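Presented below are the structures under discussion, each in the form of structure tokens.
In the two complexes below, subunit A is the common chain; its partner is subunit B in one and subunit C in the other.
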Partner chain A sequence: MSIDETLALDIRGLRVSFAGVGEVLRGVDLTVAPGECVAVVGESGSGKSVLVRSVLGLASEGGSTALVSADRFTVGRTDTRRLSARGWRALRGAGVGLVLQDALASLDPLRTIGAEVGETLALRKVPRAQRRERVLRALEAAGLDSPELRFVQRPGQLSGGMRQRALIASALVAAPPLLVLDEPTTALDATVAARVLDTLAALRDAGTALLLISHDLAAVAQIADRVVVLDDGAVVEHGPIARVLMAPEHPTTRRLVDAVPHGPKPGPAPALGPVMLSARGVSRTFPTPGGGHVRAVDNVDLDLRRGEVLGLVGESGSGKTTLARLLLAADLPDAGDITLDGEPWSGATHRGRLGRRHQVQLVPQDPLASFDPRFTAGRILREALARGRSTSSPAELLDAVRLPHSVLGRRPRSLSGGQRQRLAIARALALEPDVLVCDEPVSALDVTVQAEILDLLVGLQRSRALSMVFVSHDLAVVRRVCDTVLVMREGRVVERGPVEEVFAEPQHPFTRELLAARRSAGPALRRA
Partner chain B sequence: MTATTTRPARLRALGVTGAFALVFILLMVVAAVWPTLFAPGDPDAIDPRAAFTAPGLAHWFGTDESGRDVFTRVVHGTRQSLGIGAAATAIGVGLALVIGLLAGLGPRRLDAALSRVIEVLFALPSLVLALLLVAVMGKGVTPTLIAVGLATAPGYARILRSQVRSVAGSAYVEAARLEGQPALLVFGRHVAPNTLWPLVAIATLGVGQAIVWVSALSFLGLGALPPSPEWGAMVNGGRVYLVRAWWLTLAPGLAITLTAAALTVLGRRLGRVAAA
Partner chain C sequence: MSIFRWAAGRLGAAALVAWVVTTVVFFALRAAGGDPTEAILGGPGSQAGEDAVAQARSDYGLDRPLIVQYLVQMRRILTFQLGDSYARKQPVAELIGAQLGSTMLLAVCALALAWVIALSVATLATRAQGVLGRVVSGLVQAGEVTATVMPHFWLGAVLILVFSSTLGWFPATSVGASPAGLVLPVVTLAIPTAGFLGQVMRDGLDEAAASPFATTARARGASESRILWRHSLRHAALPAISLSGWSFGSLLSGAVVVESLFGRPGLGRLLLDATSTRDVPVVVGSVLVVALTYTVVTTMADGVERLVDPRPRGADRATDRTLRAEAAIV
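Moving on to the complex of A and B:
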């Protein structure tokens, strides 16, 4: 094994351990060549984040001091094993750039995009005039339109996708030969994510080495050349992307690949009952800061039958969450009418709704925020049971969502993301609802956990003949779970119909665009 | 079961400094309730022959111009100083509860009106406000503590208002509403506990501050009057003899400082425990 001077990143036998935790990375080998994209995939807890931080020399930033050792650890031509803190600072930005997942939290809201992106250059004493030039070029390379305008804008004025690209620009601006991307598309809509991935692919083709950390195999399949599967701090499988995805050898890889939602909803078509929830001409308008108004939901009709799962898809800002809140009567429409079980729902009095609230329950996107921080899981379930007509016990509810009884005495904060979502589902079931409104219930979860929660939801929906409204930006998830689908754009329903029909023959151009963004996910994931 | 698992964790979250502060405050409370336990003597017993005795074994903190034992007086003054501080804070927090809850949960116009009132009160320095109120109501202990209470109320009210609003707008309160819990139940189970616990920590900080203010007013001769062993009044009384008998000022001054410091440390730690 000769030292390969041409590699952008060369790591052999990387070990990272934390006091009190033990070894988190147990001898990881990883190389990235210029113009190559290597993906690191794994479930949460596999050591992905520690690997990212280590590559940037930030392993100890997580709070506790890390013990890092490696047989070889070079970034470009720099041997980082004996690098001082000062040396690392010089390397970061110029030698290796980082793109984080959360674009909103990673950009200073008070500074312009120009100042934020140019900071790396300012720190390296690049003259102001030259800096502006390079920032504009980086913004363009990151795929942002009208860079001159973006230069003077602040993060709050940009959409999520633009912010993510601004972050990519700030990682690019000093032209580092290696770019580390930590879940760069997880928080983005399908169409936006597709565009960001295109940008990254262009960078890779221009010679930048990319190290992509993700749990989204669909995203990985689009741009990665090689993939490294991490499990419990060790590499369990690595190879060319097509080979690993088509013929996974290790059980962990197989689990990850199988968990990617694909194909139609399994099982027989549901026996539909009478209409449970019905909306006619429903609109909801919000005032905007400028004094104007925005129609979040615009003249929507929908019928949800007993036993039906209705998907609401669209990009962020399309009004799907507002519509879900109207169906929950968490918010009331300005125009139109919603009926529940044939009786007035949005038109009922406050008191009239109170007694029927148990019929429509929410499974939220962020379950942790929906639990009182002082309550244990047991108390959360007991409170919910006191509201409903259910005669089951908290333990029986936990059985229904396949959580161990030991969870009862614990607070939600100490549970994992998947367990929290199971608890939220158990709480909703405690009220014996007729309709379950799920607002992006799996978008914050790892792909394997996501698959488990989706299975659980579909199983419960079938066994209890529940009706379900399923809000999601992920078309593959919607196809897996829903019977019918509404495609929303700018508050309006642009397409509706049985899921398989809409997927096979999309009528509206927007639906086609959404589906195209997903289809480019790579041939490996299109089988089935 | 949960109580037994969380309580030691909470105590540990206090830390060593917090535990020291807690023990100190508990000692102060004991001194306030049962002063003769620490100082069996009479705080007002004069002994002209022993006037201006320096601190020593017989008189730990020395004696004053009338030969009264300063240690005994400081211990017996605890009840008044601590009591006034606590009472003033209670008035402030009580008033803030009304204003803060009304502003936080009431209709928008009421919130706007109350918030403006809070802002106007904020524009005046609290001690100046207290001075003004004492000037209107006259000297004495009761006006002092009412004045300090009123002067601290806007601060608590503002904290409470924003806390109430954030809790009332939280996802877990909405979740409870969507379960069909009546508004009063939601308030009692979720809004009140999650609002009031952080306030306990802040109020603990506030008692220390109130003690300093009440002492300041007494020092200015507006609060407790000289024979009474209130700490501020004692500092004031010792001022004349500062060069000749420094201990007359130092002992009560130290008592004020240490109590305020201990309450501040405890308040900050409690804030962390409440957040945990």
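Moving on to the complex of A and C:
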């Protein structure tokens, strides 16, 4: 077969297998043309990550040797099937660039941005002076302000969005015709993600071919031209993004499309009881390095009624997690007062709170870190039950969160992300709490799993008349779960009200910006 | 944190360590039994008459209550006077000064050699790939564990037997300042330290090579050896540097054994002799000097670590606090 020079990436019949694991990619076809953005979507375990690494010739990374075969596998004009290790190294960086998720871990924390971004050039013996010039241009092209300052900074000194831009700059500094982007916006706030996607769209319009990997259809809808749906190592559906989103044909695609949180909360409005948790004029100040102070939470009032789900929305650093910790009494306010069930909560003595701790329980973002890794699921639940007055059994708790009884003997590490989150919810329920504080409970999960957990939480709210504080940076998720919402910015509440009212008529400019970032998630999803 | 607060904190810690160490040593030595007057009058088994003993006791203040003796000792230290040796009738500072250089030379050479061995083994071991890599890594790990647990006195005896008695390459005793005499003592001290530094470094290298930033570097076209030298090594060196400060302490205590094994002069020998004769001023003085040296070395290690890792401190600690608080409520 001849090489099609009009394509930036041309893969036919790609098979990748690992000894002891078997075939992970089973005959994948994939093409990307210059100036085109192709999205590969699929759930965890569908083979997305192996595909990303294979395109860069890094499938064997991580120790186990991969067997790669393909009928055709060209990057630009290079037939990679005959490429030596040295040939692959020459291609990487100059022929194809890679942008990984989590930019904090994906840039060497000990090296300056200048050294990291310039590494591709240094490897190609570009003289130092010229290198600096090109790095600064790449930083600018990736949308970073004051590139000279960024050049000498280290990844830890940049915000999440700036780090992601630095990582993009490091991929495009040698102007490769093809960029591979592995979940490039998953770790970012909605408004920041929208701006990063704008930058990527500009690169695409300038002629760079983009291969975008994601589990989130809403995120790819904004810039992808075509989408390829991967399931168990094979392509199950592909086509123009609008068609796939509007009329998905394969069950896996339909599941992915349905799982994207959209639309208002289903079901009737809850019957609200008396006020359970109430904050008046609550503030919390932290010292900053260098002697200053930052007001993480600034004069916040809130009321949470029985049976109500209250959303706390804002970007990183807006104070929503600090406020959640104050409501849990994991931390105490400098000013203001929090009451639980009409009695002092933040103002009570440590001993006074101890007897009522069970009333407010936490569902953390990363449940794995909150379990003792040596405990089985059964022991985790028994320990929690022993602390409360509940008469239910571990098996009943598992039923409540729809986990099979077979997980009782298993340890957290052997459970999937969704199962761990269910276990964390079951542990919180063991104490029969009145209030659940959920801190980004689904942000680390796949879209389909996320939808299941959200349904579970709403179900529990209804069946047990639970109150919930739901912390999230994702507006679509908040709309799906919450009855009322507080929008936070720089520690202050800038907008509050019933969720649907805030969505229909946002008053504050910041709320409007947040909503716009989410609305740009493609015309197909807006219909819902 | 400003450099001044850091320095003040270090100084405070050094003073605290010095006080605790001298106090513990002072009382432990007295609790161990034996009579310091014997040291004054010519060592254990002295034939001095009762009058002479009583005279010596009152001359050196040994007839006063123990707590008074302790306070006298502390006052001397605070005024930077270490007093005179009971046995040798020489100022303690002079005795220590004569021996300190020899011990420091031994310990510093051993630490340097341990770093060279650990670095070479760790970098070579990570370069082997595939099945060979697994075999090499297994062998290296076994070697490191064995090296780490080897007692100095046994290792030294074996080295003397092989390289001195049988092969005759190096002398078994250090005469004067000959470099050849330094070889076997340094190797004896260095091997266990190299074993555990090597383990720490190899773990660090493996972890860094598996991290996303290494993947990013590979995606830029970097070779494995470039990733090793430009990325992984700094990450692997950090824990090894902070442990080096700590391991210097164990090198100094190892020097006690090695110096008597090889008949080398040094602080270790001095301390050993002084302890067996209950020569209190010498023991307290030497231990004080060792403790202060240890504090200086750990401070230096901390400084080097800050040079290698220029990230600002504090952020991690804040995260730690948050995590601990979270763990406490769950």
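Just so we're on the same page, the second predicted complex is superposed on the first by the 524 of 528 C-alpha atoms of A that agree within 3 Å, B and C clash if a C-alpha of one lies under 4 Å from a C-alpha of the other, contacts with A are read in each partner's own complex, and residues count from 1 in each chain.
Everything that follows uses one rule, which is that a contact is a pair of C-beta atoms (placed from the backbone, for glycine too) under 8 Å apart; a residue touches a chain by one contact, two chains touch by 3 or more.
Please read these numbers as outputs of a predicted model, since none were measured by experiment.
Undergrad: After the overlay on subunit A, what do you see for subunit B versus subunit C, clash or fit?
TA: Subunit B/subunit C on subunit A - steric clash.
Undergrad: Between subunit B (first) and subunit C (second), which does A:S370 come into contact with in this model arrangement: first, second, both, or neither?
TA: both
Undergrad: Considering only the touch criterion stated at the top, classify A:G22 as touching first (subunit B), second (subunit C), both, or neither.
TA: In the superposition, A:G22 contacts neither subunit B nor subunit C.
Undergrad: Please work out whether A:E383 is in contact with subunit B alone, subunit C alone, both, or neither, and reply first, second, both or neither.
TA: Once the two structures are laid over each other on A, A:E383 reaches subunit B alone.
Undergrad: Touch test for A:S106: subunit B only (first), subunit C only (second), both, or neither?
TA: second
Undergrad: Regarding the shared-chain residue A:P404, is it in contact with subunit B (first), subunit C (second), both, or neither?
TA: Neither partner.
Undergrad: One more residue to check, A:A330. First (subunit B), second (subunit C), both or neither?
TA: both
Undergrad: Just subunit B (first), just subunit C (second), both, or neither: which does A:S170 touch?
TA: It touches subunit C, and subunit B stays clear.
Undergrad: Looking at the overlay, what does A:G355 touch: subunit B (first), subunit C (second), both, or neither?
TA: The answer is first: A:G355 touches subunit B but not subunit C.
Undergrad: If you stack the two complexes on chain A, which partner ends up touching A:L123: first (subunit B), second (subunit C), both, or neither?
TA: second
Undergrad: Of the two partners subunit B and subunit C, which one touches more residues belonging to subunit A?
TA: Of the two chains, more subunit A residues are contacted by C.
Undergrad: Do subunit B and subunit C land on any of the same subunit A residues, and which?
TA: Common to the two interfaces on subunit A: residues 328, 330, 357, 362, 364, 369-370.
Undergrad: Can you name the residues of subunit A that touch subunit B in the complex?
TA: Where subunit A meets subunit B, its residues are 328, 330, 354-358, 360-362, 364, 366, 369-374, 376, 383-384, 387-388, 409, 427, 431.
Undergrad: Per the contact definition, I'd like the list of subunit B residues that touch subunit A in the complex.
TA: Residues of subunit B touching subunit A: 1-2, 5, 170-172, 174-182, 189-190, 193-194.
Undergrad: Residues of subunit A touching subunit C in their complex?
TA: For subunit A paired with subunit C, touching residues are 56, 58, 61-62, 65, 89-94, 96-98, 100-102, 105-111, 116, 119-120, 123-124, 154, 156-157, 167, 170-171, 289, 325, 328-331, 357, 362, 364, 369-370.
Undergrad: Along subunit C, where are the residues that touch subunit A in the complex?
TA: Against subunit A, the touching part of subunit C is residues 1, 130, 210-213, 215-223, 226, 230-231, 234-235, 308-312, 314-315, 323, 325-330.
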